[in-house]
Each structure stands twice: as C-alpha cells, then as structure tokens.
Amino acid sequence: MNLSFLIPAIILLVGAAAANMLRNLVHCVLALTLAFAGFALLYFGLGAEFLGLVQLLVYVGAVAILIAFTVLLTGGGTAGEQTVLSPRWLQGFLLAGAMFLLLGYGISKSRFTAHAATSVRSYPVSLIGDALITSYALPLEMLGVLLTVATIGGVVLAIREPRQASQSVKVDQ
Amino acid sequence: MSSIQLADQIFVLLKHWLVGRVPVSLQPVVGILITVIPIICVFPALFAITTILERKGLGRIQNRYGPNRTGPFGILQPLADGVKALTKEDIVPANADKVVHFFAPVVLVMLVFLAYAVLPMGRNMAAVDLDCGVLFFFAIGSGTEVAVFMAGWSSRNKYALLGAMRAIAQMISYEIPLILSAVAAIMIAGTLNLQQIVTQQAGYSGIFPHWYVFTPWGFAAFLLFIISATAESNRSPFDLPEGESEIIAGYYIEYSGFKFALFFLGEYLGMFSISAIAITLFLGGWAAPFSFLTWVPSWLWFFAKLVTMILCFIWVRGTLPRLRQDQLMNFAWKFMLPMALVVLTSAACWRYTEGWQRWAISFLVVIIPYSWLGHGMMSNRKLEQRKYRFAE
Amino acid sequence: MLGGGILKGLAVTARNVVEGFVSKERLTTVQYPEERVPQVEATRDFPFLVFDGEDPMAGLRCVACQICEKECPPKCIYIDKSSDKKPDATGKPQFYPARFDIDISVCMSCQICVEVCPFEAIKMDVEFELSTNDRFDDLLYDKHKLAKSNEYYNHVHPTEAAAVDTKLAVERAKAAARAAAAAQPKPAAVSPAPESGAQA
C-alpha cells in the first residue's frame, strides 16, 4: 500500500462520494471530473501511461463537459437543491450492499494477488499500436464503425429538428 | 567539450552541478525543483514581455504608438499592469458559487503550467522526457475546458455562462483539426516522444533542414495547426467568447484583480505552449534553420522561433476581424476537418513514395481538395446588394 | 483562392508597421502634451466676452440685453443687469452686466448665444485644457474670467474677427455720422415754424 496508490485512490473515492452526496448538480459533475482524474492517476501508477492520458483526454476533456452540458440543458443547474437522503434509503442501501458483496466475492476469487503491484513496468506506446493493427485489428475496425454510426446519429438528430419546424410552418399556412 | 557544446548544454550542466552539491537523499527533490523553477520564472517573464510587445505591436499596426509613457518606450508597462492587477479589489459576486469561483483560475493556470513539462526547449532540455509527450500535451489541453466551464458557471451570470458555452464549443470543435494535423507529423516521425520528433527533423540535406514545414503536407498541417491553436487559446480572430465589444469578456466577466490576471496569464501561457508544440512538431524544435548556423545554442533557436510565432499571432490579431460563432464552427467542421483528413492522406503518400514523385503527389493531394473546398466555401457566401424588407 | 484576402490584409498591416517607423504620414498619432495638432480656425469650445480697448470692464461690448440667456438651451448663462448705465464704444449710454456667469460644465458649445447676440459681444473661445480640481466653483466663470480683448479675438479667429471689426467699424461710422449730422442742423432749425413743427 504505497503512496502512489493511496493518493489517487483517495482522490477517486472522495470525488465519487462527493458526486453522490453534494446537493448542487453541477458540483456533483465537477466532483465526478475529479474522480475521473483520480482514475487517470491510478493508470499512471500502474504504468499504463497511454491509457491514463487517453482517460484524461476523453473523460475529463469531453465526457465531463458533455455531462455538464446535459445537466445545464435539462435544467439541473438551476433546479432547487434537493435533500441528499431520499425516503427510500433503506432499499438503496440493501441493493448497494448486495452489489458490494457480490463484487467483493468476485474480486477475492480472482487471480489478481497483492504481490503483482510491487514492480511496475511501463511499455512503450508503439507496442499498443502494433497490437491494435495486428492482433486486435477487428476490434479496432468495429470501434471505427461504432464511432461513425454515433457521429451520423448525432448529425441526424441535430438535422431533423429544423426540417420538422419548417414543415410544421407549411402545414399551418 | 568544445565551447559551442558548452553554450548549448549550459543549463543542463548547471543543473547537474547543483544537484551534485546536494546530499544524496535530497537529490531527486532538488533535481525536480531546479527543473521546474526556471520554467515558472521564464514563461511568466515572457508573458510580461509579450503583453508590452502586443500592445506596441498592435499600436504600430493601427498607426499609433503603443504605451510609451511608463519607462523608455513603455518597457515598464507590464510592471504597472502587474501592480494594478495585484492591488485591485477582488470582487466576488454575492450570488456566486464561492468555492468553484475561487478554483477556476487556479485549475486553469495549474493545467497550463503542467503542459510545459514535456516541451523540449533545447537539446536534452525537456523537463520530463515522456514516451507519449504529445498525447500528454493534448490531454492537459483538453482539461482547460473544465476550468472554463467552472469559471463561466460559478459567476451565476447569464453572459458569463453564454461565453463559457461558446468558448467550450469552440475549443472542442477545434481540438479535432489540431490533433489530426499533429497526427500527420507523428505519423511521419513514427513516435510520440517530442525529443525524438525534433531529432528526426534536425538533419540537413545540403544546407536545407529537414523540418516538416518545408514539405507540402507539413506546410498544410502547420497552417491547420496554427489556425486551430489560435482558436484553442481563444485568440483573435477567434476571440468571440472573450471579445471585449461582444460579450464583455465572456466567462471572466466577474473576475477582477489578481484572478483576472491569472486568467490572462493562463491564456497567454496556453498560447506559448501550443506555439512551442507547433515549433516542435513542424518547425524543427531547437534545430537551426541552416546547417552553417548550428553553432548557435539550441535553446536560443527555440526561443527565437517562439518569439517569431508570438509576433505572427500579434500580427494576425491586428489584421483580421473577429469571426462570428456560426462562422467559426462552420469553418472548423466543414473546412478544417476535411482538410486535416486530406493532409493525413498526403502524409501517408509522402511516407510510401520516393524522390521527386513524393513531392509532386503529396502536393497534388493537398492542393486539389484545398481549392475545391475553398471554392465551395467561398461560393456559399451570398455577397450581394442588401435588400431591406420593411414592415407593411 | 481561399486565404488570398487574408494574405493581402497581412501585407497591408505589415506595411503599416514598417512605414510607421520611417514616415510621419503613416503614423499619424501626435504625442499629445508635447506635440499638438494645429487647430482649425472654426474651432469652438466655450464662450468668452469681447472687450474693446484696455480696460476689460469698461470696454465690454455686452449690454446685458439677456437674449443669450433666454436662448441658451441648457440655461447655463446667468446675467444680472446693472442699475446704472455707462457709455459704450459709440458714446451711447447702455446697461452693462453686473453679473455674467457661464457654467462651462453645463455649456454644450452650441454657439446659439453667439448667433443671437446683436452686439457681437460674446464669441467662442478655442481653449480646451480647462480641467480643474473643483467641479463646481472653478467651472463657473464670471465676467472677469470671461472677458478677453478684441486683439485676442483677432488672434484666435482672424477671418471672423476681421469681418466683425469691419461691420462694427461701419456701424460706428454711421453712428458717428448721424451724431455729427444731428449736431450740425441745430442753428438752421430756428427759421420756418411749420417745418420745424412737421419735423418734430
């Protein structure tokens, strides 16, 4: 349990807990961003530089902003600050406890042991590139297709609205 | 070691000597401090020089003198500005979110300074020699958007929020051409390590350097990169989010005094770091432009190129009018993104061909889509006599 | 070609910078307190009262007719008529202003007071460096401060002053001729009684 694990873990836990417990939704988003940054630090500690930087680039740079935009567009930013404890806290607690037990059981039965964290090697990024092009080429292509579909879907969603608006104007006349 | 090499490596040798004088247990910490403290001192000093350079430069462009009362030729103006920023009252709106309002400039400046860690300012003079330095830089750069959002939202001001949304939309849109044009250089260099990218460009054929900007795809990629860099650092002509005549400073409306100075510092430092990356990726980093000039120290070349790029930024600011939000988004998605993909194709053609054919093919692959897209963009403008419709 | 206009613009600004160092015509800025742009003759700032001769108060052309006070749009002129009369330049006894104050913080330099004055007594000055530390008292100019000589008027507005001087000279010559003509026919008016009755 050395410092390079402890500090990112604390940041991550504090951010995640704050994301659940803060009253103002935008504060929650910012706390979630902190949790993402903690994740990236954990990846750095494990020697996965590339993955940590991509986590920062994608999650902190894009996903957090996306969540913030969504919160603001759906009126969460100006909504009244609600209480943190909901009336059905007992059901939630039981469900979360069951989930925790299940995950804990799964992790304890896995092959990961505590000794694996002592020596950390960082691999050059070119190895990841080689692997993506050769042994993982199919997942890479599927990712490309998925991203293209998502982009086209986004464009279609954005385009459809003005056409509907103009069509409705014609119907009225 | 010859005197040329001594001059070139003088800071590295100084650092090693100082670290050697300290007891072994303290050496890592002292080493880090000695690397970091000059960066924290030099770049804000460059920022101060840039503010006076910009004001005088803009003044000369606009047929007037810049500030010339404080000190001879106005050299002490940054000092006056600094005193003003420090002694101004720090006003926080009563409705504002105090914690977020406080942390927004802190986060911004912290992230911007962090990006300086991977810049190779001379031979062997990068603070941290990361294997994926370029990715680090862009990851940190995308973190600044969170700081902008924090600043805009915490002020509880409609105009601040609007300015922040516009700024974020602009930054996100221009990140894609930025990264894609950098990818072209990375593709040819074959590595994400910034020092290695520079050493790849440090060769000479005859007296001419191997800089990527002197190749067809490199020139196009360089132009795309600096246009996107201007947009990323919210600088004219892309400064709608912070235009003084538009939205009165956008997301930092509610900041005064030192916090405003921090935003200003963050913006300029961001401009410097992105120019430094452009220099590293395309302009050969710390390499000399001609083979007979290699006796000049490498860090001197780096800073000379940086100052030249800053002057070009100032020149462009004084020349071009501001772009409207829809115009700049149009430009990013409909012109820069296709051009970035075309440049990638051109770089790929360059990689797999030889001799004079590679120049011809690469050039054609860039220039034909450029004229076609450019023609398409220019014909969309309906520049005709304005017709007015009056209410009946 | 897309981008051609930008390059032309950059060339223009570069020319501005380079030529600004060599030719004064390109860099048209004037370093204000040390150098001044020469003022045109028709410059106007705030009014002043013209006096003829040496003594400011005795030679003041103003007869306190109060037309300018009534016509002034922001009502910044305050006049108190005197109770006695003194002779003016043609010798005719006229009233004079016991108090003539202009509040230049209110004055909007519209020149209406100058246009309506029948006696060419108030004209527009050209001084603009008038800032003071006291916003109220120091910006209320009394007649001593407002009185400036005709020579000064000729100095700041030569053409206008020359025209005014000619006009006044003609008027005064006519007045003098009338006075001389009125002085002369007194002995001849004694003789025919119905003519003198018709004339009177």
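We just call them A, B and C in the order they show up, numbering each chain from 1.
In the analysis below, a residue touches a chain if its C-beta (ideal position, glycine included) is under 8 Å from a C-beta of that chain, and two chains touch if they have at least 3 such contacts.
Because the structure is a prediction, the values reported are computed rather than measured.
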{"item": "Contact graph of the chains (line, ring, star, complete, other)", "value": "line"}
{"item": "Relative to chain B, chain with the most remote C-alpha centre", "value": "C"}
{"item": "Centre-to-centre distance between chain C and chain B (centres being mean Cα positions), rounded to whole Å", "value": "59"}
{"item": "Centre-to-centre distance between chain B and chain A (centres being mean Cα positions), rounded to whole Å", "value": "28"}
{"item": "Between chain C and chain A, distance of the C-alpha-averaged centres to the nearest whole Å", "value": "78"}
{"item": "Chain B residues touching chain A - in the complex, by the definition given at the top", "value": "97, 100, 130-132, 135-136, 138-143, 145-146, 149-150, 153, 161, 165, 168, 172, 175, 191-192"}
{"item": "Interfacial residue positions of chain B with respect to chain C in the complex", "value": "57, 60-65, 68, 315-316, 318-320, 370-371, 373-375, 377-378"}
{"item": "In the complex, chain A residues that touch chain B", "value": "24, 26-27, 30, 33, 49-50, 53-54, 56-57, 60-62, 64-65, 68-69, 72, 77, 122, 124-126"}
{"item": "Partner chain B, residues of chain C touching it in the complex", "value": "1-3, 6, 9-10, 12-14, 16-17, 20-21, 26-29, 31"}
